[in-house]
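What follows is a short report on a single structure.
To keep things simple, chains are lettered A, B and C as they appear, and every chain counts its residues starting from 1.
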Amino acid sequence: MGPYRALLRRELLLAFRQGGEIGLALGFFVLAVVLFPLGVGPEPEMLRRIGAGIIWVAALLAAVLSLDRLFAADYADGGLDLLALSAMPLEGAVIAKCAAHWLTTGLPVVAISPFLGILVDLDRASIGRLALGLLLGTPALSLLGAIAAALTLGARRPGVLSSLIVLPLYVPVLIFGAGAVDMGIAGGGVRAHLLLLGAISLAALPLAPLAAAAALRQALD
Amino acid sequence: MTGDAAGDGLVADGLACRRGERLIFSGLDFALPAGGALLLTGANGSGKSSLLRLLATLLAPAAGALAWNGASVAPDPSRYRASLHHLGHLDAIKPALGVRETLASWAGLRGASTARVDGALAAFALDALADWPCRWLSAGQRRRLALARLLAAPAPLWLLDEPTAALDSDGERRLVAAIEAHRAAGGCVAIATHQVLPLAGAHTLSLEDFAPTAHERAAGDPLTEF
Amino acid sequence: MLTYLANPARFMRWSGPPLVPLAVATALTLAAGLYLALAVAPPDYQQGESVRIMFVHVPAAIMAEGVYYVIAAASFVALVWRHPLAEIAAQAAAPLGAAFTLVCLVTGSLWGRPMWGTWWAWDARMTSVLVLFFLYLGYIALVNAFDDMSRGARAASVLALVGVVDLPIIKFSVDWWNTLHQPASILRAGGPTIDVTMLVPLAVMALGYVLLFVTLQLVRMRTALNVRKARALLLAAPSRRGGATAAGAPPDATPVLR
C-alpha cells in the first residue's frame, strides 16, 4: 500500500469514524445561509439577487472553520514527525491531506448546495452554476486553507488567526464563484468565471503544498 | 534481516543545536557503527531530545555535519530518512483507529508492506488487542504500539527518546530483546534514557559534555554581535 | 554583497549617521510637496479643491503596495539565503506598510465623500487596498502569534511570499468584480491624462513618502536589533536573580524592555 493511499485511507477513516466533524461543518454551512433571510427579510426577489453571494460566503466560512482538522491533531500527537519521515515528500503528504479534506468538507458542501439554492429562490440553471462553481472552487479552498493551517500550528488562537490569514486569499474564489451565478442571472457569459475558478484550483495544486510543507517544516523545528 | 544493514553507521561531526535563540549544545561528535548502541544521558534540558530530532533530520543543525554509511546526509536527506526510525515522546496514536489498523497505516506510510504487522504486534504482546480501538489502550500499551512500529517497517537506524517511559518490566524486557536482535542483524540504535538499560557493549554520550560555555551562550544569536 | 550587509555590526555602523540627514530630507520634501499640492497645483474643474487629497492619497496607495513587495522580497531573502537581517527588515516594514494602507483608505474615503455623498465607495482600487490591509494585518498577527519569536518570523516570511503571489490575482478579481457591479470607474488618479502641474506635486509627495519610509524603516530596524541585544544580555547575565542562570532560564524570557 503506497504512502499516499495509506494516508488518504487513514484520513478518510478518521473523518468517517469521527463523523460528527463532517456534520458540524455542514451544519454550520446551512445555518449560516439560513441566518441571512432572517436578517435581510424573505422577499424572493432580493434573496435571488444576493443568494449566490450568501451561499459562497457561507461556504468560505465553513471551510475556514474546518481547517483545524488538517494538521492540528498530527501536530499535537506527534504524527507530524511520522509524516516528515514517511516514504513520500512532505508536499505529497499535504496533497493527500487536502484531498481527504476536500472529500469530507468540499464535496458535501457541493452536494448540499442545491438545497440551499432553493432556500434563496435560485432557478435551476443558477443552482447548476452554483454547484459547478463550488465543485471547481472548493479544492482551492482546501489547498489555500492548508497553507494557513500549517502556518498557525503552535500559535496562540490558531483558529481565528488562520481565518484572518486565509480569507483575503479566498477573495478571488468568492468573486468568481458568486459572479458565475450572478452573471448567469443577468444573462451574461458564465464560462469565464468557471474557467477562472478551475484555473485557481489547478494553480493552487502544485503551489499551495510547497508553501504548506515549508510551513510544516517550520512547525517541526 | 534488514535490506541495507548499516555499513559505516552514523557519524556526527561538530553538531550544534539552537532552539529559538538559545544554543543547546555545540561541537558534538560521535561514531555509531553497525551493531552499535549509543546511550544519551544528561539532565533535563541538556538537549537529548533535540539531538535525536536533529539526527532524524526533523531539526536543522546550527553547525556540523552528519554522515550515514560514509555518505553525507545533507545533499539527499530522503534516502537517509528512509533508513531511520524516530520514536519521540508522543505516540502519534489516533484514538479512533484500531491497533492493527494503526500499525498497518504506519507501515504503509513508510512504503512497506503489511507483512510484518502481526509479527510486530506479537513481539510486544499486543496481538490479543489487535482489534481494539486505540482509545481503549493504557499508557503502557500505547507505548508498546509505538515501539511495534520499529518492527513493522524495518530500518537500520533507530533513534529512541525515552522508549521505556510508561513501560512495565515485561515491556522493557521485550524492548531490550528487540534492540539486541536489531543490533545482531547489523542495525544500530541511539537511545536517550534516564534509566539503565542492559545493552551489551553500549557506549554512553553525556550531553552535558557538549553544553555551551557561558560565553558561547551569550554569543548564541549572531544578530546580537554588535 | 548580501552577506556583506548581513553583519549586524556593519549595518548598525552605516545606518546610524544617515538618520538625521534622512529625517531632515524627509521633512523638507514633504513640506515642499504639501506646499505644491495645497498652494501651487490648480483645483480640478470637476472636483474643486477636494482633488488636493489626491496628493496624499495616491502616493500612500503606491507605498501601500510597494512596501508589501519590499516585505515579500525581504522574506524571500530570509527564507532562501537565511540572511538574518532580512527577517528584521520585513517585520520592521510591516506596520509602516499597514499605516500607509490605512492612510490610503481614510484619505480615499474623505476624497469620495464630496463626490458621492457616501463615506465609502466600493470601487476597484479602494477594495483592493482594503484586502491588502487585511493581508498586512494577517502578517503582523502571525509574527506576534507565537511565544517563540523566531518561529513567528519564519512563518510570516512564508505568508508574505504566498500573499505576494496572490496579490495580483486578488487585484485582478476585484477589478473584474467591479466591472460586474459598477460599470463606471469612479476615482481615477488624476484622470486619463495627468497635467504636469499635477504631476510634479505628486512626484514630490511620493518622494517624500519614500524618504519617510526609509527613515522610519532604518529606525525600526536599529531598535529591533537593540532590543534583541538587550534581551541577550539579560539572559546571559550572572545569576543575580536567585540562581536563574541561562542554562535553566526559560528559553524565551522576555524582559520588560519590550
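Keep this in mind: contacts are C-beta pairs under 8 Å (C-beta built on N, C-alpha and C of every residue); 3 or more make two chains touch, one makes a residue touch a chain.
A quick note: this is a predicted structure, and the numbers were derived from the prediction, not measured.
In terms of Cα centroid distance from the overall Cα mean, chain A ranks first.
Across A-C and B-C, it is A-C that has more C-beta pairs touching. Look at where the CA atoms of subunit A average out and do the same for subunit B: the two points lie 37 Å apart.
For the pair subunit A and subunit C, the distance between C-alpha centroids works out to 31 Å. The distance from the centre of subunit B to the centre of subunit C, each centre being the mean of the chain's C-alpha atoms, comes to 45 Å.
In subunit C, the residues touching two or more other chains are 148, 151. Counting partner chains per residue, subunit A has residues 221 touching two or more of them. Those residues of subunit B that touch subunit A in the complex are listed here as 53, 56-60, 78, 81-82, 84-86, 88-94, 96-97, 101, 104-111, 113-114. Across the complex, subunit A is touched by residues 79, 131, 134-135, 137-138, 141-142, 145-148, 151-152, 154-155, 158-159, 161-163, 165-166, 169-170, 172-174, 176-177, 180 of subunit C. Put simply, subunit C touches subunit B in their complex at residues 8-9, 11-12, 84-85, 88, 148-151, 225, 228-229, 231-233, 235-236, 246-248, 251-252. Considering their complex, residues 19-22, 45, 211, 214, 217-218, 220-226 of subunit B touch subunit C.
Within the complex formed with subunit C, the residues of subunit A that make contact are 147, 151-152, 154-158, 161, 164-165, 167-169, 171-172, 175-176, 179, 182-183, 196, 200, 207, 211, 214-215, 218-219, 221.
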